[in-house]
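Labels run A, B, C and D following the written order; every chain starts at residue 1.
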Amino acid sequence: MFGLLSQLAHLELLSPKPDETVRFFEEVIGLSQTASEGQSVHLRAWGDPFHHSLTVTEAPYSGIAHIGWRAAGAEQLQTVVQRIEATGRGEGWQEPVLGHGPAYRYRSPGGHLHEVLWEVERYVAPAELRSTFPSRPQRFAPVGAAARQLDHVTIATGAMNDDIAFYRDVHGARFMECTVMTPDAPEPFFAELTNNEQAHDLALIADAAGHPGRTHHLAFWLDQPSEVVRAADVIIESGTPIEFGPGKHGHGENTYLYMREPGGHRVELFSGGYRNYQPDWEPVRWVAGEGGIDMFRNWPAPDSLLEVFPSEDATAQIVDTEKNPWSIVGVS
Amino acid sequence: MFGLLSQLAHLELLSPKPDETVRFFEEVIGLSQTASEGQSVHLRAWGDPFHHSLTVTEAPYSGIAHIGWRAAGAEQLQTVVQRIEATGRGEGWQEPVLGHGPAYRYRSPGGHLHEVLWEVERYVAPAELRSTFPSRPQRFAPVGAAARQLDHVTIATGAMNDDIAFYRDVHGARFMECTVMTPDAPEPFFAELTNNEQAHDLALIADAAGHPGRTHHLAFWLDQPSEVVRAADVIIESGTPIEFGPGKHGHGENTYLYMREPGGHRVELFSGGYRNYQPDWEPVRWVAGEGGIDMFRNWPAPDSLLEVFPSEDATAQIVDTEKNPWSIVGVS
Amino acid sequence: MFGLLSQLAHLELLSPKPDETVRFFEEVIGLSQTASEGQSVHLRAWGDPFHHSLTVTEAPYSGIAHIGWRAAGAEQLQTVVQRIEATGRGEGWQEPVLGHGPAYRYRSPGGHLHEVLWEVERYVAPAELRSTFPSRPQRFAPVGAAARQLDHVTIATGAMNDDIAFYRDVHGARFMECTVMTPDAPEPFFAELTNNEQAHDLALIADAAGHPGRTHHLAFWLDQPSEVVRAADVIIESGTPIEFGPGKHGHGENTYLYMREPGGHRVELFSGGYRNYQPDWEPVRWVAGEGGIDMFRNWPAPDSLLEVFPSEDATAQIVDTEKNPWSIVGVS
Amino acid sequence: MFGLLSQLAHLELLSPKPDETVRFFEEVIGLSQTASEGQSVHLRAWGDPFHHSLTVTEAPYSGIAHIGWRAAGAEQLQTVVQRIEATGRGEGWQEPVLGHGPAYRYRSPGGHLHEVLWEVERYVAPAELRSTFPSRPQRFAPVGAAARQLDHVTIATGAMNDDIAFYRDVHGARFMECTVMTPDAPEPFFAELTNNEQAHDLALIADAAGHPGRTHHLAFWLDQPSEVVRAADVIIESGTPIEFGPGKHGHGENTYLYMREPGGHRVELFSGGYRNYQPDWEPVRWVAGEGGIDMFRNWPAPDSLLEVFPSEDATAQIVDTEKNPWSIVGVS
């Protein structure tokens, strides 16, 4: 909120079952299509302001192909590009595409492909979809979980401390919270950074296998925690198993609900949480078992929650599941 | 809950615009069709257990053609029919129809046509609509307001005290609450009676014009008050004005939201409220302005809320709107 | 709702730490004291209509000393007493006590001590606690979880099928739902019976050890599911660990939250759920793992959830915890 | 969110009945005292991070004596002070006081006294009030409405356009939404500006009388809209009339609830609303009656809602109440 980026703008999700993935986001999560191009379909939630927030692209495996950030202004875009170039991680400017203007691409220490841009195409609703609220890009679309907008992305990294430093120093994000396996661990198992008032719009989970660029989940926002609980009913009744939730993270006090889309990637529905406006916030440090993953502390997260994508190599789990840090409960 | 009837089973709504009325109940309220016959379409909410809870029938005006009650058992059906016949208000047995077995028809003192029955056809969902909850007649249908089940009906009567006595003594309903215009009024302006744990499944509003059989609204239930507030957003975004609400009745502590369906009849979305299990409950008596209609007491109900159906005669308003008892606020 | 009893009226809880137990119910659950007598303290929630709903009595161990039911009327009281006497399980009439008139005591097949009564003393609030809602026994007391009223009790039985038959045939309760360990099990592991519109005001859990009269938990009602989630925050911040929840039972669709009071007994906060008015309801039969205990099916209940009271004999667990039927998850 | 200020830090409320005002904030709103000095008492909500967010000071009339902002950093503090000084509105640096370091004071065009500071004293809870959430300054305090943190302040101005320009250009706030009386009005009747992701942390209402420095209300935040509805019950049961609400503003989509504290000043409880991260947001312009004040559009706001403070001069109403722009409803 005090840095160079204004918000997470879009994600590109790879799916081996793109038709089913798109249908899931439409019918269960409640997004709608805005365009399709080649092997890609562009979608947005009813409250997303721009042309699209999610692109589903056909691929032989699950994963997130790139992460798009919007700068806090044209000037901030130049500043952040300069900082990226100074790290040697820049991959150069892209031509404008459907939905936004020129974007600068780069890879973070953990190997994830990002782009940053300023110029955006705003979604303009056709007359029949215009909202009674002039501030809404379109009317409320009460279908399925009826997610409002893209919220955050969680990625796996083999370079935890370098990534934290990169997002903090290059993006200008605030480092808000983390979980360590033991009190004196040299690096977190999990970390949250933010460009906004919440605990994160980007989270990092340790990838013990060290594969570059793997991802954990993408999350959409609902207007209040009680809607996430309602969405849990939508999810199970759609025939989609819930992977974990609904519950309340200690991190950020957010209400969460995890599931898998048909292509296999993890999706979260998300709401609530604190509003933190302190530029000089000192990161909160949790030890595994204290409730970072679930503050109610009475149910262990399944080992499946450690799976990251692409995950075709079954031995490439991010941590030894005998040490699943999210399965520790009962610490008072 | 301690009488002869188990529940309000179905209503037949007359509409001069039946196609639009049906579409409204499907797309905005979230019901689905189960059958159509002649000029009638049968609908039910996802949680309604029987073949249908609402029949929309084409007619030149708005109104409710009949009200269907289910007895508390085969024996109670016989008892209630005997009591009706003893009042001379019986109109005889009807042949079984689509959705239920033999029904006995009768007119209440206020001129409304009712029927009471025991045998019902339960809705059985096709495989693709079966719920993960074996107790649900079908899976949760998250469309529009996604109403769960029929809740109650409110009718206008020129025979208030006789009607209260009839429903209490013949149906065995509990008389729970009422509003009087002045502390010493000989009869209520508004009264609530119930066959269940809530304050009402049937309400009566005084019809000063004395037309027989007119009606005020029908109501569907949502799972919790926060869903009624969510539904308010659905309603305005559908292009349907809200007539009154969302707010909290003093009567029954229920959360309410009133609107009109395209044929003109009033519809309520409804949730929350006390659970009252006292067979010897003494009716609560409110004076107009104390909050029976809205417990937050800071907004007057519009005069339109006094309109009853059919209302083709513009002079046939139920009360002089200069005395709109629901427009009195600010009593502390 | 169609039987001889109107409601669960009160419970007597035994506690080896009565002062701490009372303080927990006052400060965390939000009850208030109405009187104390000898080793007993009487409490009620703000919405409880009668003199008290919970009596805490000092004892060397945890348990529920007796369960008080209110009949559906004076005549129904006579009928239920006759039925009890016909079973040979009656223990006779008690003199009136503080809070209610004559009560007839009896033991169910599982060995639990009950009493049934009709005459009650209603709570009358002092002027400063009177509510703006004339239907409320006192004003809303927004302290801690702010539970509204006593809801149900769950007891352990070594005579499952006999108990189901007793409550169904003698009390006139509806048998609504059950969980069996295997599809062809001769008796349920868990069963819910009700005198009202919800799935239960009395539940039974199999006591493999066969000790008579043991108990599992008592539950208080909150106005809507979102308040149970709010209460979870109250509970953890009070320093009380959550034993299980907040989640949603498949049984009854109720939102639950379990914890232990300082004397060791399990307490539930509870809301939501279906409203079922079918006198001819066929009991729903779940198999362990299908979601009866938690419909979101992604977290195993802890083995501690099988503990019943008194539980001083550590070998007297109700079932072999290797077969904890509530720890099975992931059935789709 | 992209300007020079990080947040609204504190307000000083004047009250002719300071003891009752303090007691109201403690018992009904749920704040707690942190210190008292002379004629002032310092309070904070359980989630407020700093020493205090509200100071109640004895005075012969109601009003807000000063508004305290925290800069986005030490450097931003210098920048904002330079900008203020360039306008000639500066009043100079204040010595550090209890709760924060040096503050620079100034008057906005509308005559309100502000201060801006960077160094703050964070609240540190005593051991018995420490939260299980390490990110919370203290544990959740479930008393009364249990407000979480200070949210915003709404002030009356006779210099609307100058004030909008001042807060936008000097503070760096975003101008998000406004209501105009007619489509071609030269200045808004009401305007919202923000330093964060919501529609406002500062709102302006036109003061037709042109008195400098008058105020309309101060607002505290609750975690979700359903808690504002719950708070409405707390408020009426405390004997405090509700002035307006609970409802949903069109502006910002926020859920609101207005009442008066015992000293007479207006207080709002507030939650929900959009999260807007667009630095180049174009202000939304509503016309009176379109729903800016209440999006459900079925109840007129009372004329009392136009009262501003100090209001000892009864003729000094901000607008002619025959034109109460918030009493227009029914626009579809």
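The rule is simple: a residue touches a chain if its C-beta (ideal position, glycine included) is under 8 Å from a C-beta of that chain, and two chains touch if they have at least 3 such contacts.
Fair warning: this is a prediction, and the values are worked out from it, not measured in the lab.
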Maximum centroid distance from chain A, chain identifier (CA atoms): B
Chain pair, B-C or C-D, that carries the greater number of C-beta contacts: B-C
CA centroid of chain B to CA centroid of chain C, Å: 32
Inter-centroid spacing, chain D versus chain C (mean Cα positions, whole Å): 45
Sites on chain A at which at least two other chains make contact: 132, 224-226, 233, 236, 295
List of chain B residues in touch with chain A within their complex: 131-132, 139-140, 142-146, 224, 226-227, 230, 233-234, 236-237
Sites on chain D touched by chain A in the complex: 1-2, 6-7, 47, 49, 70, 72-73, 132-136, 149, 177, 196-197, 199, 221, 223-226, 250, 252-253, 271-272, 274-280, 284-286, 291, 295
Contact footprint of chain C on chain A as seen in their complex: 225-226, 229, 232-233, 236, 239, 241-246, 248, 255, 295-300, 302, 330, 332
